[in-house]
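Presented below is the structure to which this report refers.
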């Protein structure tokens, strides 16, 4: 820290001592920042406070690794709560959505950043923003009316399947992947491209083999952000995934995701059943925490 | 400069003849056929460029498909009666839902904007980025922005609806949405504040203004465009939200007359309209209105962002 | 360059609109052939009153084993999703409330009896269940609640039930209260909530009631039968709705009463040549013992 800045700081502090308004407002600002911490802590506490007793009763291992989900709806006690099928379901659909969304999104980002002529860009950019603005419930109905019959007629199965959900969610994460990757590619210094072309590379080689590796961390971040969105997606998934609590044999089988399980049953769940659903939310929460950590690790590495 | 020095004093350097730029034919410019021929020699590049173009085409086609499909399904069902002031089971009017949505969104912003903006001011103007407290706040904000809306819904149901005891009400919905949009507002405000050059701060201090005055009179107006587009984005998020509101704001189809009354927003209205299979056409009409609303909001964000944007 | 650009853009636009048009058309003509092969079993979520009445009536639920619906059945949380799925998939079978039945699907005769309100009323169509309302036994007396219940059982209220294609309580039933007269000066708010199958009917009842009692506001919350009963028991709702009979555990804390009868229609795709099915066959399909349409048809012949 330079001498000047320290002096400035000291001057400000002196002034703050003179003017109580400054001090009060500073406290207000700090309190506003504390709200964030309080919010996260409260969410954690209230969700885990209800999840942990249920987990104790069910048994953490049994909850996470058994595949039978037979909640007790009669109030007589009993019932089996294993969410392994749903964890698998969430993972399959997430992977599927990434397989659909990442290549298309990434290549579109390359197009937007390096190929797109200006007038076309003015159309393409708002179009991807439209995709981001469509509410997930509209995606859900669109999937039911269009993608489900399409999959059923061309691939077979129920239509409500991993494949269907993956296609729709793949479209949903396109805007996230496109905008973050595009910014990352644009941020690569022009000299990379020029150097590669000067060495005789074609435009494509220069972009995909020199610029893209340089923009790696941004692109990986975009994928992880997309992943976070897919794992947490609820309303569209519950309409499209079929909601069976069995382990799927193929991508044409239905599964139930953790989010779908919550939204299907939370309305009427009581006692242990309700606890088990909140515990499902807690598991989801842990997933998201891990993803957030991953993102910040990548950012740190990139710096 | 050397040339100029060499010239005798008082004599202007000779003017170069003007060149008509449009008449220059660049020798390194490729025509379309040249490009194609070059690509034929390099199949790898050809494949890549085709992939890139296909991807862009697919994205564009997906957007147009979804929007056009929704409009085809919904537009024929858009009737005047859908906008009647009173909801009843015959006209299935979405007007109360629209008003509920706007009310909920505005109240959410009234609470979330000051908190988000103040927190951003603290993060940018007061704290140093190496501070542990700042790191924790940043971590908290990032976690908050990653939490799925259904988890917010569950939390809202446990905390605001049951523990606080507001029941299914606008108030519970509002506070749940506040938590959801806080990180968005804080992040955009932070970015906007960081974009204000330091010379603004220095100039202000040099003229004797205090920190508070500098922030409110100099920095916030300069960062206004970024802050407003963040607020509008948050508005869009509230309008499109479903999962978090079903378990907090409830599904009453009437106009919510007070904070403690339940009322459904437009997306929940659409969800329940379609659910019983009695009003599917009207549900699509609602979808059109919903998309239009979100588009207008996003467009406004872009417009404001561009209009107020200042380059420093 | 601009021309190429324009051409590409219009091409994309045309593609998008073309797709959309095809998408809309295919919706009308999908499922063109008769049902064959594996049956797509469509069921509702656990908390649904329709499901719970259905599995009880068809014997899918037994005392020993509980609910035996196969886990690989498709579960949806709305009547509309059942209708859409069955309307779109040639091999699907599902069940919905008769009040929600529309022409996009075909209702099967069950044990030779057609799914009509007359047959439900006559008692020949076996797949029917009561629409119940309930309030907590320990709840304080509430004039609005009691008057609203009285209205539901009045001639006006039961006329609405009939108008909505549900089955009203027969004339002369002990529950019925005759003509309704609105008491003077009633005002306040109550909350009614629960089954999504009952709520379209309840909505009409509430509208008619509010028209007669201008001071009263009745809030309607839509979720499902179990939520309706649970919330009525804990006091969140003044009146809960269920599209099934009350369970024993529920009737200990709730005063339940039937306000109407509703049939459950077993539905298949329009192109399915099957028109009749037996209770046993329904049960066998839903517990996974019969898995193909060939088996079903073979049995019918």
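General observations
In order of appearance the chains are A, B and C, and numbering begins at 1 in each one.
The rule is simple: contacts are C-beta pairs under 8 Å (C-beta built on N, C-alpha and C of every residue); 3 or more make two chains touch, one makes a residue touch a chain.
All values derive from a computational prediction rather than experimental measurement.
Touching chain A and chain C at once are the following chains: B.
Distance from each chain's C-alpha mean to the overall C-alpha mean is smallest for A.
Among the other chains, B has the CA centre that is most remote from the centre of chain C.
Rounded to a whole number, the gap between the C-alpha centres of chain A and chain C is 35 angstrom. The mean-CA centres of chain B and chain C are about 39 angstrom from one another, to the nearest whole unit. For this pair, chain A with chain B, the centres built from the Cα atoms lie 17 Å apart.
Shared contact sites, meaning residues of chain C that touch two or more other chains, fall at 23, 77, 81, 84, 223.
Chain B has residues 60, 63-65, 69, 73, 274 in contact with two or more other chains.
The multi-chain contact residues of chain A, meaning those touching 2 or more other chains, are 145-146, 263, 267.
Taken in their complex, chain C has these residues touching chain B: 12-13, 15-17, 19-21, 23-24, 77-84, 96, 100, 102, 196-197, 199-200, 203-204, 207, 217, 219-223, 236. Those residues of chain A that touch chain C in the complex are listed here as 70-71, 73-76, 117, 119-120, 123, 144-146, 148-150, 152-153, 158-160, 238-239, 242-246, 253-254, 256, 263-265, 267-270. Per the touch definition, chain A reaches chain B in the complex via residues 8, 11-12, 15-16, 19, 21-22, 25-26, 28-37, 39-40, 42-43, 46-47, 50, 103-108, 110-112, 115-116, 124, 126-139, 141-142, 145-146, 171, 174, 178, 202-205, 208, 228, 231-235, 259, 262-263, 266-267, 277-278, 281, 284-285, 288-289, 291-292, 295-296.
Residues of chain C that touch chain A in their complex: 1-2, 5, 8-9, 23, 26-27, 30, 40, 45-47, 52, 66, 71-77, 81, 84-85, 88-89, 92, 223-227, 230, 247, 249-250.
Here chain B touches chain A in the complex through residues 38, 42, 44-45, 48-49, 51-56, 58-60, 62-67, 69-70, 73, 114-119, 121-123, 126-127, 133, 136-137, 139-144, 146-152, 154-155, 157-159, 163, 179, 182-183, 186, 205, 210-212, 236, 239-243, 246-247, 267, 270-271, 274, 283-284, 287, 290-291, 294-295, 297-299, 302, going by the rule given at the top.
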